[in-house]
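Dropping the structures in below, format is structure tokens.
First subunit A sits with subunit B, and in the next complex the same chain sits with subunit C.
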Partner chain A sequence: MAIFSVYVVNKAGGLIYQLDSYAPRAEAEKTFSYPLDLLLKLHDERVLVAFGQRDGIRVGHAVLAINGKDVNGKYTADGKEVLEYLGNPANYPVSVRFGRPRLTSNEKLMLASMFHSLFAIGSQLSPEQGSSGIEMLETDTFKLHCFQTLTGIKFVVLADPRQAGIDSLLRKIYEIYSDFALKNPFYSLEMPIRCELFDQNLKLALEVAEKAGTFGPGS
Partner chain B sequence: MSRQANRGTESKKMSSELFTLTYGALVTQLCKDYENDEDVNKQLDKILCSHFLPRGYNIGVRLIEDFLARSNVGKCHDFRETADVIAKVAFKMYLGITPSITNWSPAGDEFSLILENNPLVDFVELPDNHSSLIYSNLLCGVLRGALEMVQMAVEAKFVQDTLKGDGVTEIRMRFIRRIEDNLPVGEE
Partner chain C sequence: MYGMLFSIRSFVSKMSPLDMKDGFLAFQTSRYKLHYYETPTGIKVVMNTDLGVGPIRDVLHHIYSALYVELVVKNPLCPLGQTVQSELFRSRLDSYIRSLPFFSARAG
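Then we have the complex of A and B:
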């Protein structure tokens, strides 16, 4: 999956649509006996691995499930604290699943409004007048492409750095938005988009773009 | 893109009459909704007209995104550019006609759009009891709503109307001000 996510941000900087379409992240489930040889710590309401790597479990991975039941932040499904539970030898052997923590929807909202502010700063820093604002943000693992319409809506796509054709994908997403979100009389402007047809057509467009765009530097 | 091209010609051929019918149904329904007393007929026409504007406005705020997505026009930097884009691109795209732009005011903030034929009223005659109804007032609302979304406050009104016996339909557009609050970032 070369296109990782799509975000749509409204004029005020609020996230109105979000889609993640990458393959499931690496997760590792292992059975442990006391004592646990990984050092765990509590961070941001999650239990993360602070030190100790083995068998696919890396530093920074979060505890996702204990004995098959998903954990709820720092509490197990039964309401006990994870760190306490794993510190008690009576609970062993225990099977724990680790993996990269997913972003919660609140975190995504915050990140979207932060990006909106950075976008504003970007265009103000510009030495030339009439700058377009941030169009691309590049890292070694992904590229973030952004397109702001004349009416202030931003379409943001996170994709593989080698994926080509994102510009036309952004325009296509704009068309899909104007068709399936705006022409839906029950959709109010600037509100979260909850239209089935928009979802479906967006996923279709992503698939088309992925197939077409990977004829990039590779071939 | 092939999808765009197909849509353009198909929708024009297929829906122009459907569209005229739909618009007519909207008008008559509004007339029925507010028709309760012979005495207030004159007032009714005024109310009816003022009810088209908000409906047109709602269409306009959504139509602008569709227009921008499909037409790829850039930002307009003055009112003349805006007038050109409205007449030559927007009207052509949605109603299939190209009105002419005339009667510029000396300050360059007012102009008239002259429509030789108005597709909305192809098969319409105004009856006597609605003689002061501005039938196509929806268009004014659409223009106002669409331009507001690109930070321009304008006023649009009908000056001449073929339904009332004038030779052409004339819409007068006046630029009020640029909307500075809630600008998309990067625009000054």
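Then we have the complex of A and C:
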């Protein structure tokens, strides 16, 4: 699972394709009794942990499920508000699952546009003339690679920092895009890509790249 | 640049598939590489280098701990939060950078 996700961004900065292929993130489920020794806060329609890191539950983790039933944003599966439910001692003991919140598709759209602007600013901040935009962004948990084509389409791949061969993977994705999306007569340019052959071939290419990649975990 | 780095930091924290310890480290384009180091107090050390330079987090940490903290923070005449005017800091920083193995006076 060394390649985490693929994003394709069009000329205007809008997300036209997105694929996530990583293993489930670390989640922790614990049974609590009243009072809850974590401080929860409501943020962006989700209930997040604000204070009280312990046992695999970190600050920033979201409430994913209560008593086995997935929560829906800030409401439980029954429609009650999570914070109210957890503040009522009559509902305890309760088993709550915490984990890193998954991105909603709106958030992915926003992040894609944000990256589009950061890419452009990266080229302007350059101390030397004629720089391209951000081609690689490195953190301690992932590496983001970006390839911008001559037509302005950006292919963005998030992978493990030790994964090699992403440059050739980006070129391969460009090839797959031109073969299965552009040559498709029913596909309009700059619109979201909904071509099955593109999906299939992209997944195949990701598998090949992961196997041929570095000697990281899972290879 | 500050706005760009702030946006990159929040972008990275949202995108990351796992919990991050150090956060955003560096980014590179076709011409330069920008290295970033932030202290828990909010001081950010940024260095722009050539593409051939590898991870220099410890260099940036040294600049913070051995140069900034020693020469600016501990200097009673340097008001914190404002532009650093200290000539000593400037000259020590300059000689430190020149002594780094990847610093070489390229022609052009």
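Note that in this section the second predicted complex is superposed on the first by the 210 of 219 C-alpha atoms of A that agree within 3 Å, B and C clash if a C-alpha of one lies under 4 Å from a C-alpha of the other, contacts with A are read in each partner's own complex, and residues count from 1 in each chain.
Operating definition for what follows: a residue touches a chain if its C-beta (ideal position, glycine included) is under 8 Å from a C-beta of that chain, and two chains touch if they have at least 3 such contacts.
If you're wondering where the values come from, they're calculated on a predicted model, not measured in any experiment.
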Subunit A as common anchor, with subunit B and subunit C clashing or fitting: fit
Which superposed partner A:4 touches (first subunit B, second subunit C, both, neither): second
Examine A:140 and indicate which partner it touches, taking first as subunit B and second as subunit C; both and neither are also allowed. second
Just to be sure I read the superposition right, which of the two partners does A:116 touch: subunit B = first, subunit C = second, or both, or neither? first
For A:58, using the defined touch cut-off, is the partner it touches subunit B, subunit C, both, or neither? Pick first, second, both or neither. second
Which of the two, subunit B or subunit C, is in touch with more residues of subunit A? C
Could you say whether A:171 touches subunit B, subunit C, both of them, or neither, answering first, second, both or neither? first
Which of subunit B and subunit C A:73 touches, first, second, both or neither: neither
According to the stated criteria, A:148 is in contact with first (subunit B), second (subunit C), both, or neither; which is it? first
May I ask you to decide whether A:131 touches subunit B, subunit C, both, or neither, giving the answer as first, second, both or neither? both
Apex subunit A angle, CA centroids, subunit B to subunit C, rounded to a multiple of 10 degrees, is 100
Would you sort A:182 into first (subunit B), second (subunit C), both or neither based on which partner it touches? first
Closest Cα approach between subunit B and subunit C after superposing, in Å? 11
So which positions on subunit A get touched by both subunit B and subunit C? 122-123, 129-133
Subunit A contact footprint on subunit C (complex, rising order): 1, 4, 7-8, 11-32, 34, 48
Quick check on the complex: what are the subunit A residues that touch subunit B? 11-12, 116, 119-120, 122-124, 129-133, 148-153, 171, 174-175, 177-179, 182-183, 189
Where on subunit B does subunit A make contact in their complex? 61-62, 64-66, 68-70, 75, 149-150, 182-188
Residue numbers on subunit A that touch subunit C, as the complex places them: 4-5, 22, 25-26, 58, 60, 100, 103, 107, 111, 114-115, 117-118, 121-123, 125-142, 144, 158
